[in-house]
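What follows is a pair of complexes built around chain A, which joins chain B in one and chain C in the other.
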Partner chain A sequence: MTSVSIVERGGGPPQRRRRRGGGFSYVLPALVLLLIVFVLPVLLLLLRSVTEPELGLQNYRELVESATYGRVFLNTFLVSSVVTAITVLVGFPIAWLLVILPKRWADLLFGIIILSMWTNLLARTYAWMVLLQRTGVINKTLIGLGIIDEPLTLVNNLVGVTIGMTYIMLPFIILPLVTTMRGIEPDLLRAAALCGAGRLDAFRRVLLPLSLPGIAAGGLMTFVMSLGYFVTPSLLGGTSNMMAAELIAQLIQSLLNWGMGGAAAFALLVLTLALYALQLRLFRRTQAGRA
Partner chain B sequence: MMPFLDIRNIKKSYGGTVAVQDVNLTVGRGEFITFLGPSGSGKSTTLYVIAGFLDPTEGDVLLQGKSLLSVPSHKRNIGMVFQRYTLFPHLTVAENVAFPLRVRRMPAVDIQAKVAEMIRLARLEKVQDRLPSQLSGGQQQRVALARALVYNPPVLLMDEPLSALDKKLREEIQFEIKRIHQETGVTILYVTHDQEESLRLSDRIAVFSQGRIDQIGTSTELYQNPATQFVAGFVGNSDFLSCRIDRVDGHHAQIVLPNGAVVGGVRSHGSVKAGAAGTLMLRPERVRIRACTGEGSDTGMAVTVRDITFLGDNTHFSVETDWKQSMAIRVPFGRTGAEGLAVGGRARIDWVAEDAHVFDSVAQV
Partner chain C sequence: MLLDFHRLGGLKWVLVGIGLFVAAFLLLPILFTVALSFGSSQWLVFPPPSWTLRWYEELFADSRWIDSTLTSLQCAVLVTILSVSLGLLASFGLVRGSFPGREAIRAMFLMPMIMPVIVVAVALYAFFLRLGLGGTLFGFVLAHTVIALPLAITSICNALERFDKSIEDAAVLCGANPWEAKLRITLPAIREGLFGAAVFAFLTSWDEVVIAIFMASPTLQTLPVHIWGTLRQDLTPVVAAASTLLLLFTLALMLVAAWFRGRTK
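And now, the complex of A and B:
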């Protein structure tokens, strides 16, 4: 029995529990700020959504029943899902490259990624407009190479939105992934190789499962940020295929329909939180299932 | 007869720096060989070449007559236990052991049976459903051992597998490794910088120094007949005295100590040349010490006693020669002659000619 108890004290994760309430006073200023600039406005918006034009749930009923609103929400979730999927697919190899490259090259690549984050969002989005337009570099190159005859419509639709947003979201998946991957012991992959695992097996059975926490964290961040993204969809998207943030902006700014705008905003918030909770739960369960 | 594992003339250099060179070693089936040497002596590099993590600049590695160099790591079918615990943290003990069989697409039933057998061999029954993070260091290395042996590799490589464990645990696992070696009959190449570990575990020891193998032999061969001064210093305890080589006659030499004493019949090693500077090597337990009686019968060399430590089964004398070189001498409990010695007093030491070795000082580091 002695050996068992020693084992259990062995190398387990550090205890998370702290004295409760002890640090509360430190978070108080931030909490007050959040209450004033976030919670309060959201509640006010919620209030207006059930009081304008009159008391009741008519705004939410319209949101659910109207095909237009339904499509906007569908677009939003579709684009966000596709953007998240592509950023994970593209970000994963880049993150791994950052981990395994010699420091000099990794720093350079890292610099490029960070620099792109620091460049003004509007400038980057307009740059994509130039690249993606009918007479833009991409279309011209593709036509020049004889791959297509007619220019592709890459902008003013969801394709443009997806491309632009994928680019903007990439660092948000790469950074948490790099953090997770740096924690993977390099000899693990050597061990996997000597155990007989080829590249695919080593990836599927070792690298991928060990990177999952980073994928989950980065993926969730990308998805949630995409759901409420405004600038890129409004510039690269078309008028026929709106995303939720555009819809809310239009309802409030152009139509001055605060009730409907509030309802849409609140619905988006609830759906986002629900997804977050679901993801958290699924992730916890897989973690718990392992322990 | 074709050797089981044949390491031929391995050289590995990075740009201008040579990590290992002239590494030649033939290993018999079922042999337990340790690579002994300080860090940076090339022992791990040699192991990595065999594992396929490094391509040698020159040379070849043959397993049962076939070159391994063109075979990628994952197809070499070699087992390896690493210095740090390299268990898959997301898999349980049993899943870790099953890993090599899963990637070999073995049927589930066979995997289960084989894993159960290895778990039993490594005595991991009680912890087989735990994650590596819930195990002690010793248990983790036993899992690593089970995982490396589950696919019956012809060769098992071990890269300082016990260096992260404390002394007591290390001895326990050494015993386990020895038992597992006897039960499985696997050929083991074991890297360590701990001479005691290599003496305890292996059939033969390859002593690495500065990227080369200085000597390969059984522990007794290395101890009794070290080929270089480095081997003499690394395997067992030794006393070194500077000297000049007077005359070389086959495998024996006559030397002159700094105090002018001429010593004949010393066994010479390496390229010892008459007239050159050399190093005389003696084993502390082969040197005899006795008090100066002041009578005419005094033979041997006069020294000054600097320290005396009683260690139970033997007594340790620290002495200084007249030219200020210090020596250690061990006298087993019960041997007479050393009575009456006191710190600061004079003593006389001597030894049997055959126990003295001389090396050329050039190769000295």
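And now, the complex of A and C:
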């Protein structure tokens, strides 16, 4: 019955509540938890990156200079970029379709997207591990159709990682895009048509620019999430083509190299936060531009 | 007329074609897993030579599957309770309070959602190792609550911002004490936000694997950790059986969510 005691301690009413200017005591329990179980551990890890094995920036120097680590970060960028590009190219028509389809069909497609998103991550990854095997269904089908003679190596390399990650990221770009595209006035496109714009013009000069905030937001989110992804790359990828998150896990769990692991984690963290800051700025600007 | 389905002409069929392809792409792995779980081939030959329930029998006969499932359930329920109650309190403070640094604190609460999970996992691994919390249920619950909290707070804050506080004030004016007014007026009004927070928190913990891998010990594992360990050894169809059961669970949850949304509207 630990749960009950925790809730009572954390959730008890603050002693005396002021009507105005207060409210801080309400935030306090959650804030304390966040500081102790999140902020402090992360800071301690970053500290180890400059104190182990000795005080100094040698871990960061090695991170920048070593070709091995460089390749890992290159792989990470490459896979994240390709996944982002594919999900944007595929996600855009799907979001478009979701906005204009008759309600019943749109609901069905929505249901399929949500179902795949909510299905256990490992279950989805398992399916791809089996499907992409040398003797798997995809290779057999391609050979059966006479498209290839030899089975393709689709797993334990970056191809497998890219397929698996695209599958997982697709809903994350479709959903924000749908929100953006729902907000576009169909009248604007009607007006464009009345003014003599052809389909291509209407698409290029009205629909696409108005969808751009959604594309940018969804694309950046996919890219950032891909950068730090761990599960799919380690199950579908090979040992020779590591990505950043696997590197961090390996440095710490197998090699017990806390200094290097901390430095790599910090690099990933800074990159992620910088991209989020960029996204916030982009969003503010497009919103200001519209107002 | 690019936003009118019936006037799209030929383009309509291009979009529908892409839609069908993506729907197939999203459904294929899920249906495939279900089929494999009933297939008799240990080597995952597809289509299976014959059908069997053998993998489900193996699953239920293995105490490690059962134990890890129970651990996961326990952990997810505790995380749900903890993050909804902490999240509710924090949301009241964030939405209605006016203390200095409110916006900064609100942004900070979202940090665990933005951070790469691997960084959180590794940092907590080191921290809990030192405190002796690694491999304990308490450690699992604490770690998962931290990453579930941003979702709970977002969901409850949204609901609370939509709620008109003057209704609560009216109840107080009519003689209700402030806590009674909150309990009987405000909480029912934001129940959709609370329900969303509970579902998100539950799923976050239930599905979480990266932190759990670092937190687990040989004696205490969550279900995702057990699946992970099994997958690293071989691709046994027992995992397909477990995946199918998880899928049923997800479907049930989706139906409950749809029913709840239908009822509140």
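Just so we're on the same page, the second predicted complex is superposed on the first by the 238 of 291 C-alpha atoms of A that agree within 3 Å, B and C clash if a C-alpha of one lies under 4 Å from a C-alpha of the other, contacts with A are read in each partner's own complex, and residues count from 1 in each chain.
We adopt the following convention: a contact is a pair of C-beta atoms (placed from the backbone, for glycine too) under 8 Å apart; a residue touches a chain by one contact, two chains touch by 3 or more.
The structure displayed is predicted, hence computed values, not measured ones.
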Touched partner set for A:119, first chain B, second chain C, both or neither: second
Partner chain in contact with A:193 - chain B first, chain C second, else both or neither: both
Chain B versus chain C as contact partner of A:173, first or second or both or neither: neither
Which of chain B and chain C A:130 touches, first, second, both or neither: second
Partner chain(s) touched by A:227 [first = chain B, second = chain C, both, neither]: second
Chain A: partner with more touched residues, chain B or chain C: C
First (chain B), second (chain C), both or neither touched by A:205: first
Overlapping contact positions on chain A, where the chain C interface meets the chain B interface: 6-7, 10-11, 13, 190, 193, 202, 206
Residue numbers on chain C that touch chain A, as the complex places them: 1-5, 8, 11, 14-16, 18-19, 22-23, 25-30, 32-33, 36, 43-44, 46, 77-78, 81-82, 85-90, 92-94, 96-99, 102, 105, 108-109, 111-112, 114-127, 138, 142-143, 145-146, 149, 153, 178-179, 203, 207, 209-210, 214, 224, 227-228, 231-232, 235, 239-240, 242-243, 246-247, 250-251, 253-254
Contact footprint of chain C on chain A as seen in their complex: 2-3, 6-7, 10-11, 13, 17, 20-31, 33-34, 37-42, 44-45, 48, 90, 93-94, 96-97, 99-102, 109, 111-116, 118-131, 133, 135-137, 140, 167, 170, 184, 186, 189-190, 193, 199, 202-203, 206-207, 227-231, 235, 245, 248-249, 252-253, 258, 261, 265, 268-269, 272-273, 276
Residue ranges of chain B in contact with chain A within the complex: 51-53, 72-80, 82-84, 86, 88-90, 99-100, 102-104, 126-127, 130-137, 139, 147-148, 151
Chain A to chain B touching residues, read off their complex: 4, 6-8, 10-13, 185, 187-188, 190-198, 201-202, 205-206, 209-210, 290-291
